[in-house]
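Below are structures written as structure tokens.
Next, two complexes with chain A in common: one pairs it with chain B, the other with chain C.
After this line comes the complex of A and B, so read on.
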């Protein structure tokens, strides 16, 4: 196990270096840049802009900028936002909790509902339920999330007035109940697409497990269908799902760009969008590295979990 | 195989002694089970008495005029039609037939395990006097594992990979509410001892992937025996096993059957197995019972043509050498010298490295137009050797002189022009053909890649298809439209597209029914006689090897332990390992199998099988 972990750690570091180089280069190759907005400002001369560039270190060659940035990052300094000068880590931290709340809720919902729908669809294959689930998943996957978001706001906010249209809390309130009230609609809308994906995978995995020979063995032993499902089918069906869950982890923390925008949710997705708009490169780079680390971590956790639950890997 | 076969034998003998001593413990355990059994009888008596055709008391299982229908659009409308037979108490009944004969459907009907789309349309199945046709699912479930249990063909997939061996055995008892967790545990360990597994305390906590095929089949048997059922159904339980393991499992089933007075319904396609264990035989063809009788009757004087064909198809040790192919000039095609391959797993850095010498100093020579059989059990290194020869894998040492040139050290680019000259025929005719390509594409893609024009390749493909016994319409069809034997013919045609000098057949007939095996062997023999190609025939089945090989090399743990013509290997084996292998062949005891049967007994060059 330790050898495996060390190996993966080394791979991850190489991966992170490559991702950061590509990200840094592409970001700086884009036309415009953080100083472009000042070029249009009549209150600033060319000299002022140049002085600002020198101050921020933007006049140096790109590779020196990268090395400088990377060196600071290794020391724990993620840089400062161009916009308001606050530390990138604290900016990210502020938005992280909001995203965690939204994405955590919707992912938990999606996994619970998707697992149930998937298993039921497989055990009641070609039943009315299965057909409805299939068609429903198709719709949820093909219609864009923002459309569901807007329709949700139209029906539940404008027509029925059940839930607020956006934001994470009412200014001046901020009780747990108020947070939950704001959470309902965006988390449901967001979970739709994930339920669709998860239930489809779960259905396939369950069908796969059901067709295994050891299920027939269990039946020949006289084990009840219920126990076969609980003890033999679900365990084996969930194994491939662990990898999928691992890939889900980064998105729990990096947020949903579109949904957060539709519901004006102050999460990571919106932070990313806003920072790009302002050419706030330190924040964008910070988010990039952050999500790359999460991807690596998510896969690593999935592998470790699989190795823990599957004796063939654990003991091999 | 994680342990030497001799060891397993030894253990088994001890076990039998042990189980005699533990008579007391067994009586104590019997309590709750008997309760369960009486309860069932009380429930089911009305149903049984309602049927006038109820079987006599010495019959454990009686099948009467059983028909099972198939869903529409299948090859035929029924899976089995009008099947009747009795399994007497304390007997072994063998049901024999080729794939598609309906023998597994019969077994599943008795277990109440037929898929929903396949239904029993008429007839009766009496289990211990109870007609189970039309019984409620919950009642059927309560019979399964308690009155009748079943073991399956493939022990590798029949056990849940995520549950320990012990937990899976205990589950049978838990499913029928027998015993307490503690008593189930001690019973599970007793069962592991009973089926001859080494170190039962450790085995109890083992996961299936740690066990060899034979050991897993023993676990399956332990599971089937847990509640001491009256009837055991064994669906080809040894087909997937090595010949020595097969002999051990057959021995175990027979021992247990005698010890417990159990009735066994044994399904097989191999008359060699029938000769080993059967008391009574039912022969099935295409869903019909064509012949039945005592084992002696059916084996000695088979009445039906189909039975005779099946018996004739069983390959026998010839004891005679093959009539060598007449070649103008015999040249050396392949010369292998101290070839070696070592597998390493784990990491050298952190210790725990496992090193397995898969091929260890193998030396042999093969002349043109000759066939060398490489025989050994799984894990003996025979398939690794095949892969080294065709350079699907790099060797660690030694040389492979192909037509005088050492190919062992060649890079892939240097070896590529030589590839057409060495071709391979694979074991699994289902997995080795791309399901999305037509047969024509499968046959032509290789030669075209090596520079043949498409038209030329097509012409040759059609020629070869008819040569291997398929009609030329096969060219445009997809692999799934063919049976296993036909697919293997396609595989052979594919290998011949290049006019190879050397054919490597890796277990080329192992996945096929015995009767199809004989046809494919005949085809390979015929092809060799026509083209003069040299062949390396890798197999675990000595009987098969004896049919087609001029010379046989017996492999054991990466080394060739014996080499010689079939007559020497079979009649006068020099090494103990070869002797073991020969002794393990089913149906080869003197007088147990008829050696000459009128139909189809001649295959190779006038040699009698």
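After this line comes the complex of A and C, so read on.
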């Protein structure tokens, strides 16, 4: 187990280095580099910009700048927001919880619905239900998340008046129920794509599990179909889903950004767009790197979990 | 020599098993039909409609669908929605296609190189793929689009450089398994150059998965363009795209819901079609992979 862990840990560190190089490249791609916004300031001459560049060490070779930048990241010095001067890491931290709440709820919804649809599709293969689920999943994968959100707001807020159109809580209320009330629509919207993905994978995984020899043995022993499904199939089919959940993280974050914009949800996605609007590059860069780190760590955790549950993985 | 080649070639390409299987895939045929319809409508439609996509008519603001000759209604500036939708379709489909071509090209080059060379070159390339895949695509695309002055060409390039990784992974796996086959060893023994073996001997045998990935890549590129244009960092007005038509739609959702519903339906239709076609191609070309 420890050899497996060490191996995975090393892989993740290598990946983080590559991720940081990509991020650093993006930062330097911005026209005028990190000082772009001063170029537009009429109060600053070319000389001022050069002096500032020298002061900030931007005239050094790129690889030294990279090492310096990466070393600061590791130490937790992610720079300061252009907008109010607060530390980037704390700004990101303030918005992390709202995003995690949205992502967590919608992922839980997607797993529940997708597991049920997938298993039912596999046990009733080629039935009308299976066919509708297959076509439905493909259409769901093609619907732009923000459009689904707009339609949701139109029907459930404007026409039916069941749920609020946005924000995370009502000012002056803020009870748990109030939070839940605000959470319903955005998390449903965000979960749609993932229900589709999850149900497709779950169907395949269930079919795989159903064709295994131990299922035949169980059937031969006279175990009831229901018990086979609950005890032998679901457990085995859910295992690969842990890896899938890790793999889905980038797309969940992408969906979260769009959903947060439509529902004015105060998470990382909204912060990212606001910061883009203000050309607040330290925060934009911070969020970019942070989201990638979140993904790498999420995958690492998924691998550790699956290795703990499934001895075949760590022994292979 | 030519006679032998002519003899050994299959009867007619449209009699092949792949085409047969594709023709039996109803959803794929539906996808082809929908896309043909969309492309034709976008190509010809604007000439048939009595309005210009940029013609502002402040007396006809917020006309609901089926008002006079405004078949799909008008927008907050009184511009005809139908003609704008079709003009936007040209932009969105063109960006989607070009992004697909470029991302398939990058993905194939990286995949073939990594798969055939292997060793540290292959490892470095594939870890780069992993690195790019760790970024949620929209964060990367937005950060680039916000700084690089978005034109349609630039948007296509930005989408391509952030979405070539899936193709690279698929091609790499395919090439790695083809590398040790007899015909490649034979080619090596004959003394063919590495580039010749990679692109003339191996690549044609890996075309199936590449074509499938490409059809799904169009779908993804159209979606991604819609996302960033909706958020205001993609195609810039007055040039319409399906995404930027939705950009201001949210604030008029109560009074003019068609502004949101119609362009979104067009996006969904186009993306669904390409996903259906991709699914049909996967069945027809017998490509096995675990992606949706």
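Definition applied: the second predicted complex is superposed on the first by the 268 of 316 C-alpha atoms of A that agree within 3 Å, B and C clash if a C-alpha of one lies under 4 Å from a C-alpha of the other, contacts with A are read in each partner's own complex, and residues count from 1 in each chain.
Note that in this section a residue touches a chain if its C-beta (ideal position, glycine included) is under 8 Å from a C-beta of that chain, and two chains touch if they have at least 3 such contacts.
Not measured: the values here are computed from a predicted model.
Between chain B and chain C, C contacts the larger number of chain A residues. Look at A:85: by the touch rule set out above, it reaches neither chain B nor chain C. In the superposition on chain A, contact of A:143 is made with chain C only, not with chain B. In the superposed model, A:3 lies in contact with chain B only, and not with chain C. By the document's definition of touching, of the two partners only chain B reaches A:224; chain C does not. When both complexes are overlaid on chain A, the residue A:272 reaches chain C alone and has no touch with chain B. Residue contacts after overlaying the shared chain place A:43 against neither chain B nor chain C. Judged by the touch definition given at the top, the superposed model places A:76 against neither chain B nor chain C. Shared interface residues of chain A, touching chain B in one complex and chain C in the other, do not exist.
Interface of chain A with chain B (complex): residues 2-3, 212-214, 216-224, 227, 231-232, 235-236, 239, 309-312, 315-316. Residues of chain A touching chain C in their complex: 14-15, 18-19, 21-22, 26, 29-31, 36, 135, 137-139, 141-147, 150-151, 153-154, 158, 196-197, 200-201, 204, 249-251, 253-254, 257-258, 261-262, 272-273, 276, 279, 284-285, 287-288, 291-292, 295-296.
Listing the residues of chain C that touch chain A in their complex gives 27, 127-128, 130-140, 142-144, 146-149, 219, 223, 226-227, 230-231, 233, 243, 246, 249-250, 253-254, 257, 260-261, 264, 267-268, 271-272, 275-276, 279, 290, 292.
Contact residues of chain B toward chain A in the complex are 111, 113, 141-146, 149-150, 152, 154, 157-163, 171-172, 175-176, 207, 209-210, 220, 223, 347, 349-350.
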